[in-house]
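When the chains are written out, they are named A, B, C and D in that same order, and each has its own residue count from 1.
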């Protein structure tokens, strides 16, 4: 197999992953519309290339921390879609036993240490996870993904500074979709050049087109290798766009007319498909991949919809070892 | 009076101010040694040029926020030394009625809105004070002084970003004395270039020799004028050195041998004296200025030592309007 | 009197005070788009982007800037979005806002209204559901309000904006759409500090006193209705504010009923119910014909799945059972 | 048994656990120089700069990094320097450390010891003197310790480091130089979770139960001595931990004395004394022959000037008067 074939194979694989992420979130949105998912859902539609390019190539024992918009990252790190869907439905067999939901999705078995409901909070946590790796002398890396809104919270400075000061193995990935909720980030972000912020904290940076999955992957691998070699943290600025609203119920009317429409042309999945078509992959193969993703996620939906609720007693489990309160009698 | 005379006069005035600050703190240290000042004292010996150059030229209605090492800034803004000394002694007639002490010294009558016991906390507060000025349409500026240790806390990012995003009239002054308590700041500060940090947040910067009082003043005036003209915040990096320990009881043994000794040659007061001598000011005049400062601060010491304690009842005053608890009966 | 939603009552309160006083100023994330719960809808259009300040995601800066602005003459209304996010700004609120007036010997007040929408809102999980009112009641310098009705939200919010102290103003997320009659026409002094801190007796009764605040008032009222059908008439006190809180109203009521139940959505351990029960036990021991009772959340975090989440809810049925237990 | 200072007992506890377990790791400001109170003196020399990590002034990063490290297999000891500064890291402690295990459905524990030196230390004023133990007791997921003696500080700190939960470990700044006998030789299981949460009866008596923790235990002992001279024998309970707290020990004691005083240095309103009093009133009403009593700080910030600062101290004389009032 020559290089071109290899790249085509890899690109097709990454597109399959992006399709799975998209199908997962579309299923989750349907479930939210059907009142089967009750908590907020933050879809990453349009941003799948960051998840696929950054997280899929990681080792299983590498660590990952994510945000409220973390389904894609979690799937790409290797978590089971059914367990994730069950979590969104709040059912037994969900990754977090139904206690976390979408915003706290996590799968420690594949090194995914959690989405976070507090913007920016994962940055210091990631620095610490990397610190533990370094103290142990391990060669894993930690990846921390956050949005362009998070760069205005203190942890951005504190966590990057910490990682730089202690030369920790952590890749900070800013998934810059231009918006923080209903606010255009540029309106409230001084300076504007996020790489400059990281550089000033002693963290070398790179900025890429975050909708080009192969460029994302190539950059992530390169930065990851440098980090694994012990040269300290890196900052990865991935420019992308949130094609849907902030949550599944947000019509995103605050965006300038036509802005989103124009951006659909840049859909990373379509871009991957176009490249694959030029590389000779047939329409039928591309459709088959899309259908497979749909089928998988519809099955996950059906599975979750039919899954039992978690035992009510479990509400009292996993609070703490010392001083845990017992479940009421008869529960 | 020609320019040279004018500058000489101003330099002499600034040296007088620096002498007053030095004498004030030496008196405070004596008082601490004598158990008359009971709380911690953080002397700014060696750093007086920053206080004198930045704060003395401010308008009375300009606002100032300072740190735990804030005696110099407060005096330079025009606060009364006797009231300040009484505050350090915890006596009646102290600026804060004995409630604050050294670390919370403040004099709102001269626009000095407080030292702060929490490193970095004044940065967001200063941005807000500047925001209030801007909302009112005033032409005052707010000056916020903090140490090189504060640049590693979140408020540095949050406050500078805020000021840049809303184009607020605030001058951020980093009084960089190389140390944060017993830790050399460079050891824990990623990147190392503090101006780069501020620039990346959209705040234009300038770095100067903070022991050159006239350079400090010239820069502060220039930056202050730009801010007053409505062009948004500025960051002023003043390089200086803390000649004594972190507190009055810290022997500062953690510094490399000889480091401090070498730095005494750079004492801003001595540097000013040398310049004044070259400009023809007599030894006698210089000594007279020093003596006047000593005399003033000894008088402040004596006044404070003889001042009454605040009424114990006052412990219950100024907590809040709504829901204030009454002083116990008979107090 | 018009029926307004709790949301709209709060919105009208802000509008009224902003029209009266140029120094009132709102700051928080996404306010330009009406705020995350629509409680600022249309305000940017009326008051402009200066006075309705859409902030970066910087709770510490929002709170800290508000403290500085308050000391420099403004009257900020801070929006924290979820009370949970205010935990990113605790130094600014507790070490700075609450203490500045005192530490500086009265040189400055810090007139500040911090809106912290709190409480459970179906399947929001552990980081978007907390009720931490007890924390703020514990901090000298802070005032704490927890409105239960649309009228509360109108009156207490107007008052809070006028009060010269930092007020932690905790609306309940579950109540935004609750409707109630609101008298907006009350005289100005109604919104002054004098009226602040008075409980409302929502229903009179002699069988038992139930003290509640925020959303839990409605649960108590539901229990009261059920009990009334059985001829048991409980007195329901809507405390409205936790600092100051209306000790006299509770004492008056237990003098009549001899029985006290305090119920809140927050965790029981270290919750404000303990303060109320302890105060009554200390000062009005003889009035208590039965042991006092707290009906509150167990000391567990709040889950996402509805069945688990419900474990931290105190239901009307539980209140009914509590009342019967004390008979 | 050697007499150690409270400071040294804590230092020895850390050393013992660090020797036993490579994953124990200290992080905080100025630790390389022994920490601000000397409680880490010499540790860098023994354990190196990796395991004794001198941090930037970044409480949020210190706490947040510790949470991440704990989830990734380390057992961090976090030094917050002054409990007041921990208010810069509340999201990290309360929204993250306390909830991670639960939110993630038990996928990870967060073994973390957060040292927060608390309390009054002559003329440290409002931002360096607070006692906020009640806050942490209110938060599900957290364990809370407040050692009073050198032995407490040895035993409880070793236990806290071993416990797999986040422990808020509140040493009292005024006690660093207090000496006491310390049994370091106790068997390993003494430091396991099983022993945690047990109060110590410092002095037996039948006239009144005084419950205290941290530095206030010593004030209670002073009062007890004064009272004993008059033939009044009070029982002094050193609670040692606030979550879990030894409800049974307090109940046993009031069954004997019929009288309960809870005293603490923290503000009374919303303080943990309310929890203890309320719990006893709810569950052991019949045992209380007199109304319970809290002797605690008024709801005012802490001043700098000694005379004003003293207004928030509860003295032995006040405890004596309280006991006599309940006779």
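List of remarks:
Criterion: a contact is a pair of C-beta atoms (placed from the backbone, for glycine too) under 8 Å apart; a residue touches a chain by one contact, two chains touch by 3 or more.
As the structure is a computational prediction, the values presented were derived from the model and not from experiment.
Comparing mean CA positions across the assembly, the chain most remote from chain D is A. Interface comparison, A-C versus B-C: the pair with the greater number of contacting C-beta pairs is B-C. Chain centres here are Cα means. That of chain B falls 36 Å from that of chain D. If you average the Cα atoms of chain A and of chain D, the two centres end up 40 Å apart. Of all residues in chain B, those touching 2 or more other chains are 94, 96, 98-100, 104, 116-118, 152-155, 158, 161-162, 165, 187-189, 319, 323, listed in ascending order. Among all residues of chain D, those that touch two or more other chains are 55-56, 58, 60-61, 84-85, 88, 91, 95, 102-103, 125-127, 140-141, 243, 299-301, 303. Partner chain D is touched in their complex by these residues of chain B: 38-40, 90-91, 94, 96, 98-101, 103-104, 116-120, 149-150, 152-154, 180-183, 187-189, 254, 309-310, 312, 314-316, 319, 323, 325, 328.
The residues of chain B lying in touch with chain C in their complex are 63, 65, 94-100, 104, 106-109, 113-114, 116-118, 121, 123-133, 135-136, 142, 154-155, 158-159, 161-162, 165-166, 317-323.
Chain C contributes residues 29-30, 32-33, 36, 54-61, 84-85, 88, 122-128, 298-301, 303-308, 310-312 to its touches with chain A in the complex.
Chain A meets chain B in the complex at residues 152-158, 160-165, 187-193, 196-197, 199-203. Note for the complex: chain D touches chain A at residues 23, 25, 50-51, 53, 55-56, 58, 60-61, 63-74, 76, 91-92, 95-96, 100-109, 140-143, 163-165, 167, 193, 196-197, 243-244.
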